[in-house]
Amino acid sequence: TVKHIFKEIFKAAKELQEGDYRETLLVSRKKKPSDTIISVGDISVGNGENQFIMGPCSVESQEQVNTVAKAVKQQGVNILRGGAFKPRTSPYDFQGLGEEGLKMLRHAGDQYGLKVVSEITNPKDIELGTKHLDIIQIGARNMQNFDLLKEAGKSNKPILLKRGLAATINEFMNAAEYVVTQGNSNLILCERGIRTYETATRNTLDITAVPILKQETHLPVMVDVTHSTGRRDLLLPAAKAAIAVGADGIMAEVHPDPAVALSDSQQQMDIPTFEHFMEQLKQPHAVVNNG
Amino acid sequence: TVKHIFKEIFKAAKELQEGDYRETLLVSRKKKPSDTIISVGDISVGNGENQFIMGPCSVESQEQVNTVAKAVKQQGVNILRGGAFKPRTSPYDFQGLGEEGLKMLRHAGDQYGLKVVSEITNPKDIELGTKHLDIIQIGARNMQNFDLLKEAGKSNKPILLKRGLAATINEFMNAAEYVVTQGNSNLILCERGIRTYETATRNTLDITAVPILKQETHLPVMVDVTHSTGRRDLLLPAAKAAIAVGADGIMAEVHPDPAVALSDSQQQMDIPTFEHFMEQLKQPHAVVNNG
Amino acid sequence: TVKHIFKEIFKAAKELQEGDYRETLLVSRKKKPSDTIISVGDISVGNGENQFIMGPCSVESQEQVNTVAKAVKQQGVNILRGGAFKPRTSPYDFQGLGEEGLKMLRHAGDQYGLKVVSEITNPKDIELGTKHLDIIQIGARNMQNFDLLKEAGKSNKPILLKRGLAATINEFMNAAEYVVTQGNSNLILCERGIRTYETATRNTLDITAVPILKQETHLPVMVDVTHSTGRRDLLLPAAKAAIAVGADGIMAEVHPDPAVALSDSQQQMDIPTFEHFMEQLKQPHAVVNNG
Amino acid sequence: TVKHIFKEIFKAAKELQEGDYRETLLVSRKKKPSDTIISVGDISVGNGENQFIMGPCSVESQEQVNTVAKAVKQQGVNILRGGAFKPRTSPYDFQGLGEEGLKMLRHAGDQYGLKVVSEITNPKDIELGTKHLDIIQIGARNMQNFDLLKEAGKSNKPILLKRGLAATINEFMNAAEYVVTQGNSNLILCERGIRTYETATRNTLDITAVPILKQETHLPVMVDVTHSTGRRDLLLPAAKAAIAVGADGIMAEVHPDPAVALSDSQQQMDIPTFEHFMEQLKQPHAVVNNG
């Protein structure tokens, strides 16, 4: 019937359109079939091994960040995180130490042989990030801060781009494209949970976003288990799921004394908990073949 | 200060209240710390081994369900699924074969040595389910069909209760409680994805619901990877994540010829795909220790 | 270009498909352009005047429902509501008085000259509803209880169908279609808020669902301001918005003493608040022309 | 019982806590009970009369913006909008004319006696906004771009702050607080729809956010009917609902030829549609008393 023919044309046209669209994006696997491996000095992200990015929510003092760096290094982790420019819901919450925080993080990284990553929130501060950091993070609230994305795209540093609080996968890929179109294709994507009606967790970890992004793009994909769950008791199962599903790495928060942390005290691991977390994940039978 | 004291009282009171609440539920692990293991004949669900529930979305004919049953059995699966009473968005979609479908499913199960599960949607049909099935499924759209839950609670059959389309974990636990309060504690919970703004998948698989439900209740928890993703290409990664996170089993749809299926043609696996799916999951390194 | 032509074909095909689909539904305005006016005895719903459905969340006693009926009648309201079969999240919450509650409601309605509406949740109880009620309500949790919808469709009573907790407008229209295909086209739709991430209100009132449903269907559309907001302080503004946007009526809960109500105590109006509510809505400048 | 006493303490403590929190915010009505009226030259926003902000999605040329300005002025509208820095999902979409666009808008505003508003997205461009605009808009994607908010707070221009794509009302109030803490309390809030699962509209207009924000803060609240609905056919009912519910004004998009618009072509009104829209809203019976 005519109706059936129209349906077939419709389906064919739809598939062509979507194919067209995907082919136009530089981040698309249609454009570049092989995996992009990001080199951070002598460390690689996206080469089939899991990388861990661990550290405090906020850099609070040199001592605090050093304590975490030491513990992190002992567990074989290569990358240290710590916030210096903190996007906080309330203006009365701790806003981070700014450049001073970046320097402390750099210092701890140098002392313990760790790469360092921290969030930059203002386009004009990409320069500071380039100076002090090994990886520049663009956070969830800034995933569609297009001026920041463009500025990050002009940098030569690896960029860790987090999915927005309620961003679709399509918007996430397009945000990544903003960075890449400016010339910087050293980009790591990070799933960190999405906003849903469910209140048992801080966000809902969209675990299948990982295989979708791995299929649709050639970029490495990590999972932030801290912000996606917001619950210490779920960090380990979430990390296991992320590894099983094919993530290139795990991001989580560690603090020497979470109870007195200046931010996110409910969801950071203390050092013994972190050590247990790493040991569980390093067990041979915990590693799932993603073939 | 007084303000601080109030905050402490507030926190203490809140924890007590929630504790109180959890302790009142029969499904709560506070009430029964040990895992509930459901016996379905000689099969156990929740004993630490993964169970698979596989089969067509709808029972369409004896031949169709037999073909799937044979393939399913060959892969070592113990439980066969197939819909006979189909809740469909449109009244013009295939509504299932009703009792005839249950009989075909039973027949296929008997022939191939498989337990059988199918959805019942009307309280008065729980009797039919009890007669023809090994496990009675209560579907997502009926998670808060309390009359159906109560009737299922009066049956002595194991019940597979799916999480509602947009149900909170709290509502899900309370729905389970409706069954258990009527005397039937043979209950299996099933996460099947929740409704969010994201359109890349049919629903968003709430993977951390599994460890939450395992902590909060003593009941087995399975994951329906078909309805949570709605995409054939995501069934395998979703199943790996579910096993890694501690699920007691996986549910998925298999059809001899998905393209001509009377329902859900886009998301069912054909038999070779299903065989690949099972082989991937049975590889030793694919099994994650959930300790 | 070929690409452009495909896009045009795609758009045309899409519009045709959707047109096709809408034309197939009996509830569609494409199928019946004129407004359906529902007669409830001598009362009309959908004739351009606002109807109010007011009453307690649950029928608790003859005295309670009589008190409300009297107050409701004095404000010129024509339809009294009161729950007898209560779908409650927890099995330990008040479940309603069942048929006894329907009888009390009927009695109050007869005494004060009001039509009565109450929810039926079990297909087998549609008969009871037909016996005792003027309008049978199908609640949000049962919007896709298709057995109940079909049974309601076999009744000759007007049906008030509420939108599901997280139902799309498309699903809502299809649920309505289930009733109409069985022969009962005396159907009133009711928007009652949808589940979103926002916690300031119990649900999010989807106010533009009203004009969409009025355009897409020929059925009357009411708004339940109590369940959509869950807050007494928002009932009046929500009702004003509903009337402004073209709703055919307003549904809200009134209780003689909300603080001791057996259900929904936080959101019901007491009688003086209800009287203020009605007076505000009856002011001439409060009535918006929906042309 | 002890349990009951705990519940009462809990409730009291919770109310105290929330009261405490609200009292600390400068935007809170607890801190300043009287309505804040924003003066934009000789125009007032928040004084009880409705203000309309109308104009094209993007400034495309001097001629285009002049054509709209003329039509807008003829309908008694006081404020002209037009985007110059456009946040677009894809980097390949039209990104706006930048400062050139601001100058064209200013020119049109001066020629037709209209105040002008446009979005600024980069903290460093707040200076440009201060130079060329009467009101600086901070868009939905930048609601938690805290560097931008702080910079806007240092300006002396009125700020129009839109609610984020999936922001809670609590987050929205805190974002407003970021501006006010820097010294600029000339702030207008704008509800523009939130992201939900529903696809019939581009976003879901959260109509009761208006009375909530009017209660909780002392700031004017407008409603953007274009972005909340994304559908031309819903602009008029949405605007009626917004006025009925107590909004201080309406924002909508008008383009001389929407079909060829460089952005948002599906949702802008052409000039005759806009004239009909304004006439409908200016009818006396369309004005609802918000008392």
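So that you can tell them apart, the chains are marked A, B, C and D in the order they are listed, and the count of residues begins at 1 in each.
One rule holds for everything that comes next: a contact is a pair of C-beta atoms (placed from the backbone, for glycine too) under 8 Å apart; a residue touches a chain by one contact, two chains touch by 3 or more.
Just so it is clear, the model here is predicted, and its values are computed rather than measured.
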{"item": "Interface composition of copies chain A and chain B: same or different, split at half", "value": "same"}
{"item": "Chain whose average C-alpha position is farthest from chain B's own", "value": "D"}
{"item": "Selected interface, A-D versus A-C, where C-beta contact pairs are more numerous", "value": "A-D"}
{"item": "Cα-centroid distance, chain A relative to chain D, in whole angstrom", "value": "32"}
{"item": "Centre distance in Å when chain A and chain C are each reduced to the mean of their C-alpha atoms", "value": "45"}
{"item": "Overlap residues in chain B, where contacts from two or more other chains coincide", "value": "166, 170, 195-197, 199"}
{"item": "Arrangement of touching chains [line / ring / star / complete / other]", "value": "complete"}
{"item": "Chain C to chain D touching residues, read off their complex", "value": "166, 168-170, 194, 196-201, 204-212, 215, 228-229, 233-234, 237-238, 240-246, 280, 283, 285-291"}
{"item": "Parts of chain D lying in touch with chain B, wherever the complex brings them together", "value": "3, 6-7, 9-10, 13-14, 16-17, 20, 166, 195-197, 199"}
{"item": "Touching residues on chain A, where the partner in the complex is chain D", "value": "24, 87-92, 121-124, 141-142, 144-147, 164-166, 170-171, 174, 177-178, 181, 195"}
